[in-house]
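What follows is a pair of complexes built around subunit A, which joins subunit B in one and subunit C in the other.
Moving on, here comes the complex of A and B:
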């Protein structure tokens, strides 16, 4: 029997136990024991405790590639593997609880603040610790077996089931958001969300699950039909049932959906979407610098600040003082739409200014120097030297609301449209750039600067251009941010913004435009929606980045060029392996023939 | 050395003006002197090779011609105009292009994109298309690979693309930096076959090579450089017969 030995299952189980202990120690279990997702039975704490053993079973039962063949783990074995790992996970976790209890919760708590009596009680189900640990191990084993079995269940069951569970959980997590949206739409909400527990009601959850299952089944059917029709349509790529019309319809529907979104989801979600837009703009700008031109810039917040403060100054914002407000030392009273071109021009100039001294630097050195520049932003803004201009630590207020024909954009639902317009603009510009001569020059430069130079690509000019273009788009993010919140303080321009933006660009997939949008939605949108977990934001953030880098280094929505590259590398490797085998055989035959004309034979004196 | 340096210019081409000329070029890396008073001439349609051992200044000669480093003394001339001191981009624009050591293609770009990058500075689209066609005629195997990533090609194919990329600039002089470096003996044969086919196009080629035998077998003339100085300059035939050469570079034939 091939496959992993039992010791490796146990090792995986113990790794899962360590995960559970970690999650408990950082407080993700005990603190959310009352966060009800469905009824009063499914809580976030319970979910965390269940997901770990389930997950380890699921992962262990995945198909393996052995000696070039894909091997599915048989169902009973999958369940067995999951059960063993799950029991190991439960025993490890339970043992930790017993040990803490024996050692004294208070003494452990001196170091691990989240380890409380309540946590131990929760983990051991209120039983005496040793008995509780036993129950935990049994339950973990069951969950592990379930995870393994689920992984091996036929796809036509697995898909709908998974969709249903995820849909219910997502609705459960959005318990602060969805009810508000329902209220705003004047829809009855009590059947879906309980006012008492806060989470979904059981009937509501059941309904959501049914809808999700139906949607999943319908989608699978449609995909199947689509494939059939495509197969029958022949190789000319004939579109099944009027593909163009359908696509147009989908496009229009999508457009209407995007346009109507803020009205549907209400002001809380619109507010989050507005922040997503600001970060998407920053991401699109940084994507030019890092994704296209390959210059690792960690000081990107510089442009965010430039955009925000120049817009504020150009449109007549005032300084906050202890006594009230004051005029900045230098300001203008332009309208937003007149000021924007100036902001862009100034940011591009700033890009040149920052780019020029770091032109000769590469990779790590460039990153380090730009990080320093990023740190300078808050120092500069807070400095007494710039205080008369930007208000120092007190900041500015009364930034324009970018009113267009008397229609202001300060409210979240209105801001959404302003942001959308600018993001679309930046998307179009980025898209056109990538396909242009400039884009090709950047790609060449990113891959091999010296050879690009030898091909006649003016490396200095294109580096500066990348800084200028990236800076200009990023400054739009800053300007919109200023409009959105109406006031500015140095705290908004810490260097962490650079890291966040870089994170979303990498998460989405370097050089990929849809990637930037998805990255912004995931890294900015999700934390905005899940405010309960605010404290764990950077933990989740780090985990997401590590996970992405380990499991999907090309990003969530990779750039076509890189995706093509990865795929073709695989294909090339296969082809290479086949070819080299063939070559070897050929060579063996060839060597029996006399060699063709010795190299340099005519040189012999 | 015993061989007179003025044998450098072959009689047959003495009346023509050189395309590329190095006049008393010295190059320093900081305080280290790498090239000392180097004189070289390459005439139109000629293939000239530069031979020398490790660290003798071969690559630096190419880097000086391309403007990666500036000569501390002397001048580089292209078609009688001084190009030393100009930025690399300008030198490339005026008609010098290079096939770099180890090929160095843009691996994630397609073969087609690689070839077109060679013509990056040209604006005459129709002529570029025509040249692309000519390159593909010269290297039929490259045509099959046009849409493929350059990084996925075999070593020999990559060399063809690298040469094609340099040809796409329609250069007055084609510089080649150690084209046989790091290739298996069978492939070395192949590469020199490629160079021969480029020669047949009537290109002016300046090639830096360690494989002296191979290089001299297809070149018109050769320069031998030692610790930054030209120590021998002669026709390829004479160099092959030169006892000093045979001892130092051609091995115990």
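Moving on, here comes the complex of A and C:
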């Protein structure tokens, strides 16, 4: 058995220790010591402290690919590796705590705000520091071993177990949301969430775990049946769900679910869903620019801001001033539905105008230029110069509520439907575009600009088109945002919006429409629900962007066509690998799964 | 600017917007009769209109500002102050710009998080400066105290830069070009918020030794002492860097790696090490700049790296990215533009508080340089297009 030497395990453990120290220093441990997830025993702080050693064991026990073959680490060895790394992680973390204690917590705290007596006590379990560090090391070792063993446990156990843990944790995290939804539905909640600790009760957690295990098992069965069918029929078209009728029923049920959602979940979640809609719209727009056409735009807030402010000006919003309100220097009194086409047309025209000079630039320069354009809007909107037009730092108010036959869309539960309508529209448009001649031209251009040019694709025209269409959809997002909150301040139009939108497009998978929706739900919806973590939101964002680029550049829900291409490539490779391995060891009757390299999706400039 | 337009249009790098080659154009014309609007080179029209508009604004604005009635006009002393401020801020920008330029020269990659490297240095040294100010050490031994602060800042910046390279960029070195850029954006966000988590979100006062508070008269013109210090330090360190790059073995290997990474490695140069050294040098400069910046503005915050970072990147591009003298020149020009430009060009139009628009100037320059002269002033023409 080849493997990596012990020093590399220890190094991984020390990296884990550094991670723990980092997490403690930014405050992710101490500040959440009272955030109970399950009962009083499982707190968020405890979870963070446990996840790191568990994770290092898990990662170290991953199967390695050697000479085209997948080699699993044997179970005892996996546990051993995990234990050693876990002990190293615990010792490192504990040593830091001891050092801080010896140096004087107050002196450290003068610099690192989150290093408190409470933190040291938490990390050393209230024992004398050195003893506590020892306990920490032992527990970390156990967790690391557990992580390694878990990685090596058979899939049919690992899946349900993982699902159960995730389900319980998700319910635990949603302790501010789910009880409200239950109340809304007049359902009893005390069996699931304790009123005293705030988190899940143990019986509730157990029930959730059982349900999750069952769901996971059923899903695995269905997938197996599907695979059987596919193998037997030899076609991909075979359905596990018993054909068209059932699928239609599921679709209708889904539709009803989506339509009834805001009534079920209450106004707090509806509010979050509204924000998700706005960002999904922005994501769909940016997806055209980045995902389809391959132009990295870091200043998408430009269109967001122009959309919002144009709509406000066109529908007769007023300026905030110190004394009250004032008419903008230039405005109209159109209805929302009359103003929207103008907003879109204006944004498309602006897209063309700013696109024209910058589109010849190479990818990363284009990114920086668009960033500059986005920042320029932020600066201008805030500036005293444009205050008579857009209100400057005070912003505007009284934006239309887009009333349709007297039905306003300001309240979160109503806005959801307006947002949904526009998102669906943008989804359809994007979907049709992708399949059209234009979409193919974009794909060709993204894959290789020179070849596309040589094949007769008018590169400049299609780039401009992408910019204009992306801008139009983005401005729609801005307009909806203005309707949603009813007032505008420059603080909503910072560069972070561009990065958020880019993040959700990339997280979901460039060029993938379901990906945009998933990305918006994860990157906008989740932080909206987990308000406690607001401060750490962008820390997680940044880490996620780096992580995705390193580990899964194709995103969570990759573009179907690109995935299919990849899979075909993989099959060809499998066939090749099978042939060569079979030849290598003719005497062996069966061989392991053919090598599965992580599918490396690519982001092309 | 107009000259640049002309030069550009006839340049060797004319591309898709321009007539591609005689053959292609002729076939097109023969095959399809182009309508009039298809025959207009829209891209170039937009460019020319843009260029003319900007030149007009600059010229008219300057004339109007200088022609204002006595009461509203800036005094000569005002202008001297603007220029002095511009030069000193430009010197700081030049030092940050060097970080962008070196990394770009070697990896052909924009280290978007370099502004955060700068922030890391300034912020980390705050705690030493603060302690020294409270104990009185800062005013009793200003040189020693400042040197220690600089050393701390340099250490923090270098550490940040090296970690950045090791954790975020090295794994992506062979990936398509936009992948590391996106990772860099993420890293920048991560670093900002990590410092926010460590040290808190609010701006913190940064002490300055009293010696640096007053004015200094040079040739009868009074300068702020701080500004003089900034300029001298920046000039000295840039000279030192030039020496390092042109005369030492490290510098030679850096140039070799920049020229061709593979061949350099065949010649026995440790490419990974050279890249780390490059990031570290960028970090050294960012650290020094961080202390100078913090002492000038007497304040640090976790977001302080973003705008100077963009301005410095613009400076690097303006001067010609990849070139040290270009970074220095670009820094000075951007510094001057930031501090003189708004007053000179905008006051005449009656725009209230023109300096609130100064950041817009930076972005405008960035756009214009990249559009009209992507190679920068001292660059060798346009950077290659992939």
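By our rule, the second predicted complex is superposed on the first by the 538 of 605 C-alpha atoms of A that agree within 3 Å, B and C clash if a C-alpha of one lies under 4 Å from a C-alpha of the other, contacts with A are read in each partner's own complex, and residues count from 1 in each chain.
The working rule: a contact is a pair of C-beta atoms (placed from the backbone, for glycine too) under 8 Å apart; a residue touches a chain by one contact, two chains touch by 3 or more.
As the structure is a computational prediction, the values presented were derived from the model and not from experiment.
Chemist: Could you say whether A:117 touches subunit B, subunit C, both of them, or neither, answering first, second, both or neither?
Modeler: Neither partner.
Chemist: Does the superposition put A:453 against subunit B (first), subunit C (second), both, or neither?
Modeler: In the superposition, A:453 contacts both subunit B and subunit C.
Chemist: Who does A:545 touch here: subunit B (first), subunit C (second), both, or neither?
Modeler: Second partner only.
Chemist: Comparing subunit B against subunit C, which has contacts with more of the residues in subunit A?
Modeler: Larger number of subunit A residues touched: C.
Chemist: Of the partners subunit B and subunit C, which touch A:25 in the superposed model: first, second, both, neither?
Modeler: second
Chemist: After lining up the shared chain so the two structures overlap, which partner does A:502 touch, if you call subunit B first and subunit C second: first, second, both or neither?
Modeler: After superposing on A, A:502 lies in contact with subunit C but is clear of subunit B.
Chemist: Given the touch rule stated above, what does A:228 touch, subunit B (first), subunit C (second), both, or neither?
Modeler: Touch partners of A:228: none, neither subunit B nor subunit C.
Chemist: Hey, what residues of subunit A end up touching subunit B and subunit C alike?
Modeler: In subunit A, positions 453, 602-605 sit in both the subunit B and subunit C interfaces.
Chemist: Would you tell me which residues of subunit A are touching subunit C in their complex?
Modeler: These residues of subunit A touch subunit C: 22, 25-28, 110-114, 296, 298, 353, 356-365, 367-369, 371-373, 375-376, 379-380, 382-385, 453, 459-460, 495, 499, 502-503, 506, 535-536, 538-539, 541-547, 549-550, 553, 602-605.
Chemist: Could you list, by residue number, the parts of subunit A that touch subunit B in their complex?
Modeler: Touching subunit B: residues 437, 440-441, 443-444, 447-448, 450-458, 561-562, 564-565, 568-569, 571-572, 599-600, 602-605 of subunit A.
Chemist: Considering the complex alone, what residue numbers of subunit B touch subunit A?
Modeler: That would be residues 66, 68, 87-89, 92-93, 97-98, 100, 104, 106-109, 113, 116-118, 120-121, 148-149, 151-152, 165, 169, 185, 188-189, 213-214, 216-217, 240-241, 250, 253 of subunit B.
Chemist: Considering only the defined contacts, which subunit C positions touch subunit A in the complex?
Modeler: Subunit C reaches subunit A through residues 15-17, 42-43, 46-47, 50, 109-110, 127, 167-168, 171-172, 175-183, 185-194, 196-201, 306, 310, 313-314, 317, 351-354, 356-357, 359-360, 362-364, 366-367, 370-371, 374, 383-386.
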